[in-house]
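Below you'll find a set of structures to go through.
In what comes next, chain A is part of two complexes: it sits with chain B in the first one and with chain C in the second one.
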Partner chain A sequence: MIIAERKPFEEIKEMLKSYNNVLNVGCGGCTSICLAGGQKEVNKLNAELTKEIPALKIDGYVIERQCNYDFFADLDEKASQYDAILSMACGAGVQFVAERYTSIPVFPALNTVFCGVDRNVGWFEENCRTCGECVLGETAGICPVTRCAKGIFNGPCGGTRIDGTCEVDKNTPCAWTDIYNRLKEQGRVSNILDVKPIRLWQNQTRRSLIQEDYKARYAE
Partner chain B sequence: MKSGSNLEKVLTAGHFAFTGEVGPPRGANVEVIRKKAAFLKGNVDMANMTDNQTAMVRMSSWAGSMILLQEGVEPNYQMVCRDRNRIAMQSDVLGAYAHGIRNMLCLSGDHQQFGDHPNSKGVYDIDSVQLIGMVKKMRDEKTFLGGDKLDEAPEMFIGAAANPFGQPFEWRVHRLAKKVAAGADFIQTQCIFNMERMREWIHQANDMGLTEKVYILAGVTPMKSVGMAKYMKNNVPGMDVPDWIIKRLQGVDKKKAADEGIKIACEQIAEFKETKGVAGVHLMPIEWEHKVPEIAERAKMLPRPVV
Partner chain C sequence: MSDQDNKAVDRAEISGMLAKKAPEMKHILNYCLHCSLCAESCFLYMSHDGDPEYMPSYKVINSLGKLYKKKGNVDREFLEGIKGMVWNNCVLCHRCYCPIGIDIPRMIDFTRSICRSQGVFPELDEGESWL
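Right, the complex of A and B next:
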């Protein structure tokens, strides 16, 4: 899931300062689940904005997902009534809204932080950098790109502490120490004995993807 | 000869190598390097020029290496993966070679979070093991990483680092093996204080036949004081400082602690000289370059062989 957090209030206030009639659009997808941009968070932000900027007219509306136009029908009707839109979706959703209503300024209320998991209620951890070439099968289900501070493929580096923590932080386990230990437990250390070749990074330009089964459909 | 560097000549002639290290200045002050070089000249076979160590901005290591060359000290050009992508790295290797640099050390680099620009974007396009392979490919196959031919090969003597101490300990020798497989010609180890672990690691390296394929230079750092020993033990990642070192430094008068530190270093060097699989010592006296002549003398490393 995409994890996001709300921008500082002052930053949001600054973005909206030239507008009097704003629609705050929540997202029922990831940002709702990670407690950053669902109905509850839309209501909370709008209450704060109303209190701080009495002249501002701000409404709230949550759509199922801001990353799919199938869910935009209601929004299409409402959008033109406002002079700005605030989006509580991830960066992908904000851009999709902006692309849909090009005459209306669209502002992000959130910072999109990472692709991760719920460690507990309201507590999330990054687990994937969407590099486009997954090696988790070799590395015992521990991502070296995300979890190693240097993202190296032939670790651990010389900075691992004596107790097996990362040089960057005494409380962060060294990803490669964990990879080694888990592979050892599974009898698969041979996975990492050979030098891993230099990566051909896939994520340096914007990517688009059509699933194999749909290629014929979009052939033109 | 792969590079014809002095270090390579010393090692292939079977001499016990003795190398030093210089940290470049935090500014454009050339005199700082010249002064440090003067202490090293004739006392070491070559000296490392560190690359923005601890992620603090300093004069670039290839530029510092050039100044060492001018001063008659053979440089070992350190290059970290933190700050450059594969394009810049290959370009710098060519440039360094063009100016007469013949040794280089391929490192991951201390994470940028340690330094004075903690929120800079770390590059790590490739890692240190892959960097070794890339330089070897340029040297031996006259080929860029991307596959194109290059016109004149940078004939570098390729170095790499090894840390015999970090966790997981039993994996450390395998990481050395990966660096050897990638093409490292020589290895400089992390500062060694835990001699027991070092002995075990070298024993493993001997057993795996690695020491026949690569020259291992054991890293030695003389402790200047009890405070330094405690700091290194508690605050420097990757360091393994056993209590006996601290106790020995505490056991002498405060004014004699530095001398005791040098004594310990000399004892280590004497042992390494007799250790199968250790081809030399890499001396890293941290901001203590002026002590190198004394340490070289007391460790019986002088005169240096002329080959």
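Right, the complex of A and C next:
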């Protein structure tokens, strides 16, 4: 799931300073689940904004997904009544809202932080950088891109501490030590004995994906 | 516990929301053929051994359908009662197939909006789970 956190209040205030009629749109998907931009968080932010900026008229509305136009019908009816929209979705959702209502300024209320997992209520951990060439099959389900400070593919780097932590941060386990230990436990250390070729990190262009079974549908 | 836990629900607001979408929603509620094709295409229904509580048509008829039947004359208990059906029992994946084109997730989405308008929604930080 996508994990986000609310921007500092002052930053949100600054973004909205030229507007006095704003709609704060929450997302019923990931940012509800990571407790950053769902119904409760919309209500809370609006209460704070109303208290701090008495002249601001701010309404709240949550749509179930900001990354799918099938859920935009109600927002379509409301959007034009406001002079700015604040979105509490991830960056993908904010952009989708901005693309839909190009004449209305759209602002992000959150910082989208990572793609990760729930450890406990309100506690999340990054697990994947969506690199597009997953190597977890070889690395015992531990991501070297995300969890090794240097993102190296032929670790460990030589800086691992004796207690198995990373030289960059003594509170972080060395990803490659963990990879080695787990592969050893599974009898698969041979996976990492060969030197891996250099990963061709490419200049990034916007990625888009059509699942194999749907290629014919979008062939045009 | 919801923000507005003890407040009475605003029935006029609910009726207004229902009325506004009545032409679209009632139409589709009235035309369900009970053919169960939507059920077979819902992964939640299939993965819960055909538990009827996960059947797309069941979820809509027992939430939005009841709201229309009662013309919005419901209390908080009713909304809390359908909360699980429209949040936990449907992920709004849009994969259910209806041969006559009933848009089940659109109706569940609308039912969630009605619940939200009265402060009824999953309290994820209070240990309520999504699925």
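Just so we're on the same page, the second predicted complex is superposed on the first by the 218 of 220 C-alpha atoms of A that agree within 3 Å, B and C clash if a C-alpha of one lies under 4 Å from a C-alpha of the other, contacts with A are read in each partner's own complex, and residues count from 1 in each chain.
The rule is simple: a contact is a pair of C-beta atoms (placed from the backbone, for glycine too) under 8 Å apart; a residue touches a chain by one contact, two chains touch by 3 or more.
On a predicted model such as this, the values are computed, not experimentally measured, just so you know.
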Considering only touches as defined above, state whether A:Glu5 meets chain B (first), chain C (second), both or neither.
-> neither
Contacts of A:Cys157 with chain B and chain C, given as first, second, both or neither | first
When the two structures are overlaid on chain A, which partner does A:Glu64 contact: first (chain B), second (chain C), both, or neither?
-> second
Give one of first, second, both or neither to describe whether A:Val168 is in contact with chain B, with chain C, with both, or with none.
-> first
Check the contacts made with chain A and report whether chain B or chain C touches more of its residues.
-> B
Could you say whether A:Trp201 touches chain B, chain C, both of them, or neither, answering first, second, both or neither?
-> first
Shared chain A footprint, chain B vs chain C, residue numbers none
If you look only at chain C, which of its residues touch chain A in the complex?
-> 3, 92, 94, 105-106, 109, 112-113, 116, 121-125, 127, 130
Which of the residues in chain B come into contact with chain A in the complex?
-> 81-82, 86, 107-111, 113-114, 122, 124-130, 133-134, 145, 161-163, 165-168, 171, 174-175, 177-178, 181-182, 190, 237-240
Write out the stretch or stretches of chain A touching chain C in their complex.
-> 28, 32-33, 35, 38-40, 43, 62, 64-65, 68, 70-71, 73-74, 121-122
What residues of chain A sit close enough to touch chain B in their complex?
-> 149-164, 167-168, 174, 177, 180-181, 184, 193-199, 201
